[in-house]
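Look for chain A in each of the two complexes below; its partner is chain B in the first and chain C in the second.
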Partner chain A sequence: MSEFAILTDGLMKHYSETRAVDGLHLHVPRGSLYGFLGRNGAGKTTTIRTLMGLLRPTGGSARMLDMRVPEEQIAILQRTAYVSEKKTLPSSMTGAQLVRFNRPYYRSWSDASAAKCAQRLEIPMDQQFKRLSLGNRTKLCLLMALAQGAELLILDEPTLGLDPVIMDELLKLLIEDYAVEGRTVFLSSHRLAEVERVADWVGIIDHGKLLLEARLDDIRTEYCRINASGNALPVNIGPQILSAVFSGSLCEYVVRNDADNFVAELRSQGATILDVSPLNLGEVFLLLVRKEEPCTSGNVGATPAALSPST
Partner chain B sequence: MQLHVSPATGVPLYLQIESQLKHAIAAGALKQGDTLPSVRKLAADLRINPNTVARAYQNLERDGVIRTVPGGGTFVADNVPGLLKSEKLKRLKPFALQLAVEGTQLRLSRDEILKQVHVALDELGERS
Partner chain C sequence: MYFWKCWRDTRRAFSIYLILAVGGTLLWFMGMSHELLRGSVRAAPEEALWFLVVSGGLAFGLPFAAVMGLGLGSRSVGTEVGGEGGDFLMTRPRSRKYFVWVGWTVGLAEIAILLAVTALVALAALYYEGGAIWRHMPVATHFGPVTQSPTGGQAVNISLLLTVVDIPLLLASVAVIAIVVHGLTYFLSVLTRSGRRAVTYSLVLILAFWTCANLLDRWGHFSLPNIATISLYRTHLQGPPIWYLAPELQLIGWLVLAVAFPVAAQRVLERSDI
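Entry: the complex of A and B
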C-alpha cells in the first residue's frame, strides 16, 4: 500500500489550445486533509474530473488508492466519494428518497452517518431537490458523499452557498468522521481561511501547474515578513528574498527559509528590525500566484504602502 | 481551560497550542495530574486537523510537559518540566537574547527592560 491516496505523474489535460492541466505532480498523503487551491480557471475542476474518470487525460498518469485512473475506475468509485462542482442530484427526488436510492450501491453506506449529517447541517430531507436553495443543494450532495463511508472523499468547492454556521458544522463533521478516522479528504476551495484551519496539507495550482505542495505548518514556518529600517538596506531579490518594498528608510521584506539568518545579517549592517511576522496562507497564496503574472515585478504582497509610490 | 487558535496570524497552529498549554501550566490554570482533552476531541472542538493537535502533544510530551498513558488519556506531567537546570537555562537563553536586543534597539535602559520581566512574572502570579 502506497503512502499516497492520490498520486499523479505529469498529468495533462489539453483542450485544443488550452492547457487546462499541464504536467501535474500531486502527492496526497493517506489520512491527510488536503486543500487544493487555485484561482478560477487554474485547473482545479479539470484535475478532479480527470481523477474521477469523467475526462480522459491527454498525458501523464494518475493513481487513486493505488489503482490506475481510468483503467480501474469502477473499483476506485466503490471506495471514493465525490461532490462535483455542479452540485446536482435527480431533481424530482427528496433527500429521504435519495438516501434510499443510493444506499444499495455502496457496501460501506451508513444510515447513521446520513442521519447525523442531515441533523447537523439542518437539511430539509422531505423536499424535492429542485425546490432546494443553492446552500441546501450543496448540503444534500455532501450528505450523499459523507454517508458512503468512503476511504477517500473528493470535494469540489464544498462550501458553495453555505452560511457560516453550517460551514462550521461541516468542518467539524469532516474532522470527526474523516480526519480522526485516518481517512483522506481532498478538497478544492477559494475559502482560504477555512482551508487554513482544517487542512494539514495544501497544494496551490495555477495555469495547470502546481506552484507549491507542502505541509501547511511548514509553509507557515517558511515564509516571513520582516520590517526593517536603516541606511543601505540590501535590495537584491533572489531565491531567499522574494520581495523588498521600500518607503523612505523603511523596507518590508518577504523572505523564504532562514529568516533568522537574514535578520541577523540586517542587524549586523546596523539596521533596526521593527517587526518579524509569519505569512498566513492567504498571503502566501497571493505571493505565489501574483508572481506568475508578468507585470507585477517586485511589488508582491501588495500592501497599500507598496502601491502608493507608483500610482 | 479553553484554547483558541487563529490560523490568520500565520503562526503554526501546533506552536499556538503548545504555547497556550505551557502558559496555562505556568500560570497555574492547569495543575499536575489534570486531564487534557484527547486529540480527537480537541481537534473537533477547535475545528483543526487532528495531526496538528497530535504534533503539539508529541512535542509537549518530549519536553516533559505532559504525559500520555496508552489507552488512559493525557495528563499534565508531575514536576513540569523534568529537565536539568542547565537545559532549562539553555532553552530560555534565546528569549533573553531577543528581549535584550529588542529592548536595546528601542533605546530602553537596562532597568526598564528588567522591570518588564518583573511585571510579566507578577502578572503570572509568581508561581516559583
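Entry: the complex of A and C
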C-alpha cells in the first residue's frame, strides 16, 4: 500500500490554449489533512474535478488510494467522498430523501454519522434542497460526504457560505471524525486561517503548477522574516533569500532555509538584527503567488523555478 | 436507487400522460360510438367500432405517442449534468453507462405502462359497446394503389379505411413511434444537456423528416421509411421503393434505431467532461 492517498505525476488538463492544470506533481500522504491553496483560477477545482473523474486529464497520470484515475474510477468513488465547489444536489429532494438515495451506494455509509452531522450542523432535513439557504445547502452537501465514511474526503471550498459558528463545528467534525480516525482529508480553500488551523500538509498551486508542497510545521520553521538595520546591508541576494524590502537603513528579508547562517552573515557585515520571526501560512502564500517583479515590493525569487518543493 | 430518482423526476409527466391517455380514450370511444351507433351515421356496429380504433389510432394515437416520447425522453442524466446535481450524481460509484441506461429504461417502462393501460381501457370500452369484437378483426384487403382518399365521403370512408389499414401494424406503430421519439429525445437531451433544447431539436428533426417524406412521396415518387404510415404500406404504396422491406421488418429496424439512441448517448456521456 502506497503511503500516499493521492499521487499525481505531471497531471495536465488543458482547454485549447488554457493550461488549467499544467504538469502537477501532488503527494498527499495517507492520514493527512491536506490544505490545497491557490488563487481564483489557479487550477484547484480543475485538479479536483479531474481526480474525481468529472474531467478527463489531457496528460500525466494520477492515482488515488493506489488506484488509477480514471481507469478505476468506480472503485475510487466507492472509497472517496466529495463535496463540489458548486454545492448542488438534486434540487427537489429533501435532506432525508437524499440520505435515502445516497445510502445504498456505499457499504461504509453511516446513518448514525448522518444524524450526528445533521444535529451538530443544524440542518433542516425535511426541506427540499432548492428551498435551503446557501449555508444549509453547503451543510447538507457536507453531511452527504461525511456520512459516507470514506477513506478519502475531498472538499472543494467547503466552508463557503457558512457562518463562523457552523464553520467552527465543521472543522471540529473534520478533525474529530476524520483526522483522528486516520482518514485523509484533501481540502481546497481560500481561507488560509482555517486551513492553517486544521491542516498538517499544504500544497500551493498557481497557474496550474504546484509552487510548494510541505508539512505545515516545516513551513513555519523554514520560512523566516529577518528585520535588520545597517549601512551596508547586502543587496546581492542568494537563492535562499526570497524577499528583501529596503526602507532607509532598515531591511526586511524573507528567508527560506538557513536563516541562522544568513543572520550570522549579516552580523559579520556589521548589521544589527532587530527581529527574527517565522512566517505564517498567509504570508508564505502571498509571497509565493504575488505577481510583482523581484525586489520592487519584496518578492524576490518567489517563482516556481526558484522554489523546489520541500517534502 | 437511481431507478427511484428517475421515477420521481418523471412521475408528474407520467401521471399527466396517463390521465390524458385514459380520459381521451374513454371520451373517444364513448362519445364517438354513440354518434356512430345511434346517431346520424348509423354504421354497422362492428365496423363502426373498428373504425373508431383505426381513426383514433391514426388521428390521436400516433401524435400522442410522439408527444409522450418527447416528454418522457426530455428527462435524462444529461439534463442532470446540465443543471443542478450533475457533480453529485456523476461522483456516485456507478459508471456513466449505468446512469444512461437506467434513465432510458425507466422512460421505456413508463411508455409501456401508458400504452398497456390505454389499450386495456380501449378494450374495455370496445367490449362495453360491442362485446368481444376483436374476435373478428378486419383484415386489410385493398392491395395496390389507393385512388380514393380515405377522407372522402363518410359512407365510403369507414369501409375503405378498414380495407387499407393493417390494424395490428397500426397498433404496433403507435408503440414504436413512442419508443423511437423517446430514444431520439433522450439522446438529444444527453447531447445538449437540456430537456428544452432536446424537445426543440427533436421536433425540428421529426418535422423535417415528415416534410421530406411527404415531398419525396408526392414529387419524387419515392417513399422514405415512415412509422406513421407503416400500417398503410401493404395497400397504399404506389410501387415498391428500392429499400422496400416488409412492414414488420421496418418496425424492427425502427426498434434497432431506438436502441441505438441510448448507445449513442452513452458514448457521448463517456467521452465528455462534466
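Note that in this section the second predicted complex is superposed on the first by the 290 of 311 C-alpha atoms of A that agree within 3 Å, B and C clash if a C-alpha of one lies under 4 Å from a C-alpha of the other, contacts with A are read in each partner's own complex, and residues count from 1 in each chain.
We take it that contacts are C-beta pairs under 8 Å (C-beta built on N, C-alpha and C of every residue); 3 or more make two chains touch, one makes a residue touch a chain.
Everything quoted here is computed from the prediction, not taken from an experiment.
> Using the overlay on chain A, decide if chain B and chain C clash or can fit next to each other.
fit
> A:Q119 contacts which: chain B (first), chain C (second), both, neither?
Once the two structures are laid over each other on A, A:Q119 reaches no partner at all.
> By the touch definition at the top of the document, which applies to A:T18: first (chain B), second (chain C), both, or neither?
neither
> Roughly how many degrees, to the nearest 10, is the angle at chain A when you join its Cα centre to the Cα centres of chain B and chain C?
Nearest-10 rounding gives 150 degrees.
> Go through the superposed model and pick first if A:T272 touches only chain B, second if only chain C, both, or neither.
first
> If we overlay the two complexes on their shared chain A, which of chain B and chain C does A:E283 touch? Say first, second, both or neither.
first
> So, A:L54: does it touch chain B (first), chain C (second), both, or neither?
So A:L54 only meets chain C here.
> Please work out whether A:E176 is in contact with chain B alone, chain C alone, both, or neither, and reply first, second, both or neither.
A:E176 sits against chain B, while chain C stays out of touch.
> Once both structures are aligned on chain A, how many angstrom separate the closest C-alpha atoms of chain B and chain C?
Minimum over all C-alpha pairs: 27 Å.
> By the touch definition above, which chain A residues appear in both interfaces, chain B in one complex and chain C in the other?
none
> For chain A, which residues count as touching chain B in their complex?
31-33, 168, 171-172, 175-176, 179-180, 193, 196-200, 217, 220-221, 223, 267, 272-273, 277-283
> With touch defined as at the start, can you tell me which chain B residues reach chain A in the complex?
5, 7-14, 39-40, 43-44, 47-52, 55, 101, 105
> Tell me, which parts of chain C touch chain A in their complex?
1, 4-5, 8-9, 80, 83-95, 271, 273-274
> Can you list the residues on chain A that touch chain C in the complex?
It is residues 49, 52-56, 74-75, 77-78, 82, 84, 86, 88-93, 100-106, 130, 141, 144 of chain A that touch chain C.
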